[in-house]
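Structure incoming, see below.
We call the chains A, B and C, going by the order they appear; numbering starts again at 1 in every chain.
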Amino acid sequence: MDSMVQTHPSRAGESADSYLWNAWYVGALASEVGPEELFPRTLLDTSILFYRKQDGTAVAIHDRCPHRFAPLHLGTRNGDQVVCKYHGLQFDCSGQCTHSPHGNGNIPKAAVVKSFPVIERYGFLWIWMGEKEADESLLPDFGYLDNGPDTALAHTYLHVNCHYELISDNVMDLSHVDHLHGEILSTKGTLSPLMAKVRETERAVNARWVWKQTPASLLFSPHMPDPAGETHLFFDITWTPPANIQLSVGATQTKTDAPLTLENTVGQYDLHTVTPESLDTTHYFFATRRNHLLDDAAHNEHMIQILHDTFQNEDGAMLEAVHAEMRTSDFFALNPVLMSNDVAPVKVRRLLKRLKIEEQTD
Amino acid sequence: MDSMVQTHPSRAGESADSYLWNAWYVGALASEVGPEELFPRTLLDTSILFYRKQDGTAVAIHDRCPHRFAPLHLGTRNGDQVVCKYHGLQFDCSGQCTHSPHGNGNIPKAAVVKSFPVIERYGFLWIWMGEKEADESLLPDFGYLDNGPDTALAHTYLHVNCHYELISDNVMDLSHVDHLHGEILSTKGTLSPLMAKVRETERAVNARWVWKQTPASLLFSPHMPDPAGETHLFFDITWTPPANIQLSVGATQTKTDAPLTLENTVGQYDLHTVTPESLDTTHYFFATRRNHLLDDAAHNEHMIQILHDTFQNEDGAMLEAVHAEMRTSDFFALNPVLMSNDVAPVKVRRLLKRLKIEEQTD
Amino acid sequence: MDSMVQTHPSRAGESADSYLWNAWYVGALASEVGPEELFPRTLLDTSILFYRKQDGTAVAIHDRCPHRFAPLHLGTRNGDQVVCKYHGLQFDCSGQCTHSPHGNGNIPKAAVVKSFPVIERYGFLWIWMGEKEADESLLPDFGYLDNGPDTALAHTYLHVNCHYELISDNVMDLSHVDHLHGEILSTKGTLSPLMAKVRETERAVNARWVWKQTPASLLFSPHMPDPAGETHLFFDITWTPPANIQLSVGATQTKTDAPLTLENTVGQYDLHTVTPESLDTTHYFFATRRNHLLDDAAHNEHMIQILHDTFQNEDGAMLEAVHAEMRTSDFFALNPVLMSNDVAPVKVRRLLKRLKIEEQTD
C-alpha cells in the first residue's frame, strides 16, 4: 500500500470536526471574481473554484477534476461551463460533466464535481459547504451595508497566518485597542476598565460598551462639533456562526438619554467575517458602511486603506505571533489566564464548540 | 530515548514498499557526471554519489560516510577513490574503506559504503539499488537511440515536484496533448476520440494509436511534402518497469498498407524515464532520436529545447498542480473517474503494483 | 476536539527527555542584550525573553503572556517591568503580573509568567531552565576568560541547523582539523595518528593530545622564534554538562619536561558552548582568551573573525550536511562505524545520556 504524502505538514492533524460545515462562509469579495475569471481559493482545506455565469450569477464548484484531479481553474471557460486543461472534460456550474472528448464521448456517471450553493450579498460571495441542504435563513441580515451610497461603503480582504478563532477572540475583546493600536482607535485608557455588557442567545453573542472620553479617537474627533471635547461613544458587536462579527461604533457630543446607536451618533457599521483556509491560515473579509460624509469618495478610500493596514500590520501581526507561539489550535489546552475582558470571546468559543458538536452528532 | 527528527516532513510516511527496488533506474545523464566530478543525487530517498574512475567507468556508492554520515560528495578524489572531507577516510569504488588516518590506521570491518551496480548506456547512467543481484537482462533494449549521428540525438533532464507515477500516467495517456499542449503537438482533436490499442505482457504495457489529421502538428508538417495536407500518423508507446516509457511517433503522406513505423514515416524515437527522488519529487530524464534531418545540429538543439520547455512548463506545471491537489500518493484512494483513455495508464499502475508486491513477498 | 497544529513539523517528535534541563545553558552573549532591549530567543523549544533591569542585571522570563500567549518581546519596557503589547498586562522580572488595565484591575492568581534564573558570567548570560532549584555550583569555572585585558578576549555567536550533540562530537574529536580545515589549524597530518588520552569523571570528559609538527599551523607559527621550525603543541579539551567544551591549545619551541599548558606555551583558552534551539537547530557560542599579543586589538578582531568564519563555513556547513543526511537525532540508531578517534565524543554522548536518565528518574 502506498504511503500518504502530506505536502502541507500542518494539515496532518486536520479532522472533519475542526470546522462548522453547515453554515455560510464568505469565499470571496464579490469584486474579486470578474466576469470571465476562474477564481480559485482554498476554504476549509478544500479547493474551491468561483466563477460567474454569463448572466453574472456567481457559482462555486470543487476545484478538482474528478478524472485526474487537475485544478479546474487552470482550464478555460466555455460559456457557463468550464473545460479542464488536462484532458478536456467539460463541467457545467452544477458540477455535471457535459462533454468528454474521449473515445465515444461516453460520460461516466461519477463524472461529477461537487458544487456549492452561493449567495451574493453585501458585496461578498457566501458559500455553503456542508452536507445538509443550504439554509438561506442562516445567513444573518447585514442589510445596513446595502443602505446608502457606494461612497460610504468599502470592502477589503486580508490573509492571516493564524487559526480563525484567534481573530474572533480579537474582535470580541475590544479592550486590546488601546494597547495594540495607535491614536486612530485609541480610547485613552477609558475602555479597558469597563466591563462589556454581554448577552448570549441560541446562536449569537453580543457585547456592548458605552463610555466617554476626551477627546474621541482620531476616527471620530474630526467629525465632532468640538474635536477636543468630551465625547460619548459606543461599541456594539455581535458574533453569529460560523465566524461573522458585526461591529457598530459611534460617537456623539449631544447629550441623550436614548441608547447610543448608529441613528444618533456619527459612526460606522462594520462586518468582520473570517473563513478558515486551513487550521493555520485564515481569510479575513471586512466591510464597512459610514453614516457620515456619505458622498466623500476620497475619504472613503483613505479610511478603508487605514483600516486595512491596521488590521494587517497590528492585529494580523500580533495574531500571527500568537499562533506561532501557541503551536496548537487547542486554545484551552494551554490553560489561558482568563479575565473579565474575555467573557465575550470565551462565550463565542463555547457556542461555536456546541454548534460543532451538535452538527457532528446530528 | 531520543526523538526522531524528520527534516523532510513528506518523507515521514515513506516505507520500503513505495518503490520497486530490483530494477534499473536512470540516476543521471551520462553528460552530467564529468571525469573529475563527485556528482550527488538523491534517488528513492537515498543519497547516491556518482563518479567516474580514471578509465571513465561510472560508479555509484552511498553518499554517506559510515563513520559520521558526512556526504562523501563534499570530499575529494584520490585516483579512483574518494576521501571523506570530515575525517579523511578513503573509499574505493566498491565502497570498501581503504585508508584511515586515525590511530594505528586500523580499518574497522564495518567501514564499508554500499556500492551500486551502474550501466552506462543510451546516454544515461542506470543504477540498480535493490538487494538482489543486478540483472542486466532487466534493462530494456533502447538501442534505436544508438543508431545514427549525434546531430539527431538529444537528452534532457527535468526535476518535477510530483509523485513519479503521475508522470507515467501522463505519457501513457496521450489524449492530453490537444488540451495541455499547443500547436507543436496538436492532433486537431483527432486523437481523443480514438481508443488506443492496448496490449499487456508480463512486464510491459503497450499502447498504439494510428490516425490521420489535416495538417499534421507543427512537429511534422514542415517535413511533409504537402505541409497543409492530410497526414497519417502513429504513436506507439511501451512502458517497462520500473518507469521507462519508450514512445515512437511518426507521420507520412505516403499511402501504405503496412503498419506505420519509424521505418516508413518521418518521426522520432523517444525515451521518457523517471526516477523518484522522494514520494513527492521526481527526476525526469528524456532522450530522443530523429530519423530525419540527421545532420542538422541547429535543428537538433532547437527541438530538444522546445521539448524540454514543453515538458517543464506544460506537463510539469500540470502534474505539480495535480500532486499538490491530491495530497497523497494513493491515487485510487481518491476514487478517480476513469475513462477509455485511462486503460493504458491504469494497466501500468496495476502492473507496477503487482511487481512491487512480488518483490516484497519474494 | 480540536486538532493539534504543528507549525514546526520537526518538533512533532520532541519530548521532554530530549534535553538535560537542570543545567546552565548560555542563552545569549552578554553584549546581545542591550540596556533597553527586549531580546527574544528560543532555547530548548521554549520562547525566552531576556532583558536587563535598570541596574543592568539580566533577567529571563517566558516570552509568552499567560493571558493570550502574545510574545512579550513585542511589548514595551516600563522600568524593570514589561508590558504586553496585546492587552496591556504588566509583568515584573519575577514573572508576576503587577498590573491589569481590565475591569476592576483584579489580577488573577495564575497571571504569572515563568521566570528563569540567570547568571551573567564570562561574557555570557547563563540560564537555568529546569524544574529543580538553580544550582550555581553546576556552572563550571571558566575564570581564565576573565583574567587579562579585553584586547585578548573575544566572543562570537553562530546559528547552526543541526542537532546540538553533533557539535560536541565535532569538537571532542579534533582529528577532523586536518581534513575539514585549512592551513590555519593544520597539524600536517600529525594529529590523526595519535590516540587522544581520554579521562572521564562523574561529570566531565577530558581529552588531551600532545604532539610536534614542522612547522606549526598558521595560528601559531608567526609567534614562534623559528616560524618554520619544529614545534611542540598540545590540545586539552574538557566537556562538562550540558554542552560546554573548554579547549586549550598552545605551542612552544622551548624544550621542557613539564606538561604543556597555557603557562608554558603561546596559546589560547577557548570555550565552545552550545544550546539547542530545537532538535534540529542549535545556538553556538564561543569565547576565546589569548595569552600573547595581549594589547593588540586589531589582531584580536582579526582572529575572532577568522575563527567565526571557520566554524560557520567549515564546521557548520559540514554539520548541517551531516544532520540533513542523518534525518534523525538518534545517532546510534544509524550504526555508526566508530574508531579510536571517537572515544571522547562517545564518552560524552554516554555521559549526557546517563545524566538525562538520572534527571528523568529522579
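Just so we're on the same page, a contact is a pair of C-beta atoms (placed from the backbone, for glycine too) under 8 Å apart; a residue touches a chain by one contact, two chains touch by 3 or more.
This one's a predicted model, so the numbers in the text were calculated from it and none came from an experiment.
Colleague: Looking only at residue numbers at the chain B/chain C interface, is the share used by both copies over half or under half? Answer same or different.
Modeller: different
Colleague: Please state the rotation angle, between 0 and 180 degrees and to the nearest 5, that superposes the Cα atoms of chain A on chain B.
Modeller: 120
Colleague: Roughly how many whole angstrom separate the Cα centroids of chain B and chain C?
Modeller: 46
Colleague: Show the residues in chain B shared as contacts by 2 or more other chains, in ascending order.
Modeller: In chain B, the residues touching two or more other chains are 9.
Colleague: Touching chain B in the complex: which residues of chain A?
Modeller: Chain A reaches chain B through residues 1-9, 11, 47, 63-64, 66-71, 74, 83-88, 100-106, 108, 110-111.
Colleague: Across the complex, what residues on chain B touch chain A?
Modeller: Going by the criterion above, the answer is residues 9-10, 12-15, 17-18, 163, 169, 173, 175-176, 178-180, 189, 192-195, 279-280, 318, 321-331, 334-342.
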